[in-house]
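Below you will find the structure I want to go over with you.
We just call them A, B, C, D and E in the order they show up, numbering each chain from 1.
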Amino acid sequence: KLNYRLKWLFNTSVAGDILAADQGYFKAAGLDVTVKEGSPEKNAINELELGYADFGVASADQVIRALDKGADVVVLAQLFQVNPMQWIYRADRPEIKMLEDLKGRHIGITFGGNDETIMRTLLARAGLGEKDVRLSGVRFDFTPFLKKKVDVWPVYKNSQGVILADQLSREGEAVYFFNPSQFGVNFVANSIVTSGKMIQTHPERVKIFLKALLSAWEAAMDPLNEAQVLASVKKKDTQTPDDIQQKQLAATRQLIKPDKGIRIGVIDVGAWKQTETIMLNEHQIKGPVGIASRLIGPEGL
Amino acid sequence: MLFRRIYQFLIVYCLGLVGLLGIKQALGLSDYVIPGVSLILSTFGRVSGGYFLDVLNTLSVTIFGQIISIAMAFTVGILGRKSSWAGSFIKVMAYNIQAYPIVALAPIIFILLGDGFLSRLLIASMICYFPLLLSVLGVMAVPVKDIEHFYIATGRMRWQLEVKIRAFENLSKLTTVIAGSATLAMAGTIVAEFIAANAGIGYSIRIALYQSDLAGILTALFYIGIIISVYQGMLETLGELVKTKWSAPKGGELL
Amino acid sequence: MRLECNGLKYTYPESEVAVIDNLCFSMAGPGFNAVFGPSGVGKTSLAKLVVSQKDQPDSRILAPGMETILYSYNQERLPGWSSTGSHLDKVCPAGKEALKQELINIFKLAPVLDARFAQLSMGQQNRMNLIRYLLQEFDLLIMDESLANVDEALRENIILAIKALFPKKMFLYISHNLMEVAKFCKDILVLSEPVKQKGSFMVKGRDYCQGYTLDKRSFDATMLEIMDAF
Amino acid sequence: MLFRRIYQFLIVYCLGLVGLLGIKQALGLSDYVIPGVSLILSTFGRVSGGYFLDVLNTLSVTIFGQIISIAMAFTVGILGRKSSWAGSFIKVMAYNIQAYPIVALAPIIFILLGDGFLSRLLIASMICYFPLLLSVLGVMAVPVKDIEHFYIATGRMRWQLEVKIRAFENLSKLTTVIAGSATLAMAGTIVAEFIAANAGIGYSIRIALYQSDLAGILTALFYIGIIISVYQGMLETLGELVKTKWSAPKGGELL
Amino acid sequence: MRLECNGLKYTYPESEVAVIDNLCFSMAGPGFNAVFGPSGVGKTSLAKLVVSQKDQPDSRILAPGMETILYSYNQERLPGWSSTGSHLDKVCPAGKEALKQELINIFKLAPVLDARFAQLSMGQQNRMNLIRYLLQEFDLLIMDESLANVDEALRENIILAIKALFPKKMFLYISHNLMEVAKFCKDILVLSEPVKQKGSFMVKGRDYCQGYTLDKRSFDATMLEIMDAF
């Protein structure tokens, strides 16, 4: 009996995780896995240590922070090849083609969140200081963006991004997304993690779990399976309208499997190292954590 | 009585809605800031059934949580009624824990209890118990001299009796607070679900918020209002029953 | 058994004048004694001082041979959650059931035992309250206008019954009824208003018991003596 | 009194901390899940100054919010004390708004008021006012017959007088609740900051939460506890003052 | 000015027996009248019925010529937030300041005007309460044991003063003091316990006024008459 703790609520961006349970991928591998939703208060790495969970999803900054504080966590696979954390802005505003275009913009960031870290890195690279832009703290509702008080707003591109784009398009407004990785900042997002102890004591179980999960993800990201995948997602995420879910799935594909040749779950070691460096520069960790040694990846097992 | 409560709620709700729509109209806000009537109606139709069941689910935890809160409030209130060191210590403890917003305590609660039903219940009752506690403390700390004198003078006073006398003399205050605390328990449960659970209307509100679906939130508020009105109406009827059962018949008051 | 007071003085906080100033008296128990005096002279204050100061070191109030002093007054209430009868049952010590029954009959309370306290008339409330105290263990019972709202005929019966039933106990009866005090009390402490500068006097009452015949002459003399002191 | 409050709080806090560290030790948890002593101390040193100022910032909103809550509670309580249609309507309104958890109302509030100081204040007072309201309602709905009779019989009864009589007769209940509601106002402000603001300790807690910085949260809880103890102690002293000023001197009670 | 009662009947809810059963009487005003009877017989109930039923359609109680009926009783309290003196000032209608001052002197309350109500002795509380009522406009004032805790001498002075000061008003005095009722009241309604099956009687009291001399014979006769009816 295994528990798998996600980072956030059930929605289309965890289609693979949903599919693994719903379509019997775990069962076929002989595992009994419960997939659970997460939240800021329900942190997968904590639960690994406390024994409430056996596997989980955590973002790179969480992993690095945990390592910094002596947690025993290892990365099994990197789900997002492109960080879904991006900024949305209206198309009637000048497009951001270079980092310098950020100058003078009113940008939303979640103070304390990793979008803040990313944005600060971007601004530093562009040589922009606090005075060159206006930064506003954001919360969970989008009113300031919708009311045009803030013009560049952080979203998860494949979930909220889709919803917002849809809402605005109904009023005849188009949107752009500002993607940091296009400007050389590759801050890694969600990954599958487990504890070092788990790997040592049950390497076989980890292997089987990861294999089942990743094959579910492969299936979920296959456009041919779309109808089936959406049906599974709908069981868990009943509130989102169907057309939105379809668009979300498409957006998710581009982040998980940006290219046909990329195997789902591969670890972009360079991006991880960059993430560590960024966090070190932003004084979010005390010292280097040697992240490379904690990256196992689908091949490492 | 119950019927009145419900239609009064409907009036309140409609007033609120009309106010929102008025603002939308006046400021010319688009549907994504404040949803229009047709969007509200279609959303209502879509999520109605699910939300109704969610609210019932929430109500079941609410009832549980309220019972626990009442028990906690009376326990702490009775222990803390004295101005002794121990009494004031218990009060300080109860007060401080309250001052900690649940959002700050939630991570610790999850570490200690995991994320099951227990955490949800604990959070719900932590939100609800404190206001009850204040009232219980207020009532329990004031002696009813003309009744208590005899028992003190003759050495018959026990804490149970003291509590009973003071509770009885303040029965209608206590029933008001207890019936009223149902709404607090409901709000507490919703918050608990918002942070912790994967069921209940609080969870649905979180999803709606995440999707910036104000129409969905309005629907949720509608069902919460209806159900809480019914629940509270029932509690009040119960309170009246207790009062007439326990206390002297009031019919005999001539002036 | 004696109640004694040697130079008692008491001033309420926030008040300049002493309610009780250099009060000295001594009354012997057992028996039915009284404190008498105009309204506001300090009878209630004295009674409460007796209860609260008795066991204090260097108290001006001495009550040798009296362990338990109870103070009852006419505005006490019984709890309202059950009938007065059941409250009486609750506070009646084991073995005193017969006494309780007898008192209920004398006090004429049998018809209202099923009622709640708030449903009783004022006089019924007075009586119900007093019965409770009579059922307890005590050496001295202070009755501060405990029967103020009872009619005179019944009050006389009650006083005579109490004297007959509790010959070994001491009572301190505070009342505004001159005749009653003169008739039924033994030692009467008469307090007079400070403005009159008369101080306090002890007067011997007639101390009549059940089946008495009134000796008009001596009774009038007693009344006059009290009035003079008043 | 104040001093006692503070050291009692320190005891409570230390007990909690020792409990947490005990769990850490027993389960062999890393600093990430539960921070160790050295991490707590270093975090404390690092964020202490900032958090202290944050809490003071929060306190200023708290005080404001509490004043507003008290005003609201008394207004609604006094209007809703009658069992008339209007009275019960006001009650239903006040109750329903309470049943809506702040997380659900917050978006609407932000739409209406923006995310400045006003929203923060409104949310804080909405969380704080309801328990006050319940107590005020409880007190205001029960007549004090032996005092009110004269004024009613002679046609002198005005609602102000009625309110004054009932408030005075229940003064110590009301002061208990008002002093106690300080913690609610504090918690309310923190929640408001957590969801809305860019300042205050609630905002700092949110950041700490995002960064899984339990040591930071523990530091915040420490300062919240200290400050609320001091504030509440002051309110209680004030309450005592009011009681002795307004009501008859109690020194004269002999029994 | 008249208070009349024709076949009044009242049963408390939840009670089987009527407290007042087919009561008929008529007393003329103005003047100092009384309701007398044993404790629990229904005096308070009758008084409250007079107040509450007066203006009701087909009421059994008629009070022609009497607009305002006030009911005062001995357990009322004044609010505690300011001194009793200032409360009196507050409720004293314009133009009655002289009356107020006179009453304070008669009631011997001048020394306690600065005190809060809770600090007064019981008799002082009784008097303070009654003064308030006397300052109001009324046609009939019911005094339900309003002076129960005041000493007899002062009570006599107060009653005589009220009679002298308010010759045009009607009073309904409820008291357990037989002598007082017999001496100072005009029409006395004597209620007797239902078990005695005597019903109610009207007795003429002596109706003495200030400076009276007691006619021992007729006074004794009146007392006897009341006792017989009782």
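The rule is short, and it goes like this: a residue touches a chain if its C-beta (ideal position, glycine included) is under 8 Å from a C-beta of that chain, and two chains touch if they have at least 3 such contacts.
What you see is a predicted model; the values in this text were computed from it and never measured.
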item: Dominant chain pairing [most C-beta pairs in contact]; value: B-D
item: Remotest chain, subunit E as reference, centres from CA atoms; value: A
item: Centre distance in Å when subunit A and subunit D are each reduced to the mean of their C-alpha atoms; value: 38
item: Chain centre separation (subunit B, subunit D; CA means) in Å; value: 16
item: Centre-of-Cα separation between subunit C and subunit A, whole angstrom; value: 85
item: Whole-Å separation of chain centres (CA-atom averages), subunit B against subunit C; value: 51
item: Where subunit B touches two or more other chains, by residue; value: 33, 103, 107, 111, 149, 206, 209, 249, 252, 255
item: Of all residues in subunit E, the ones touching two or more other chains; value: 12, 51, 71, 75, 119
item: Per-residue multi-chain contacts in subunit A, two or more chains; value: 41, 43, 46, 50, 140-141, 143, 147
item: Subunit E partner contacts - residues on subunit D that touch it in the complex; value: 146-147, 149-150, 153-154, 156, 164-165, 168-169, 246-249, 252
item: Interfacial residue positions of subunit C with respect to subunit E in the complex; value: 12, 37-40, 42-44, 74-75, 108, 112, 119-124, 126-127, 145, 148-155, 176-178, 230
item: In the complex with subunit B, residue positions of subunit C that touch it; value: 51, 70-72, 75-81, 91, 116-119, 129, 132-133, 136
item: Residues of subunit B defined as touching subunit A within the complex; value: 29-33, 46-47, 50, 103, 106-107, 110-111, 114-115, 195-196, 198, 204, 206-213, 216
item: Complex contact set, residues of subunit D against subunit B; value: 4-5, 8-9, 11-13, 20, 23, 33-34, 85, 88-89, 92-93, 95-104, 107-108, 111-112, 130-131, 133-135, 137-139, 141-142, 149, 170, 172-174, 176-177, 180-181, 183-184, 186-187, 190-191, 194, 202, 205-206, 209, 214, 217, 220-221, 224-225, 228-229, 232, 255
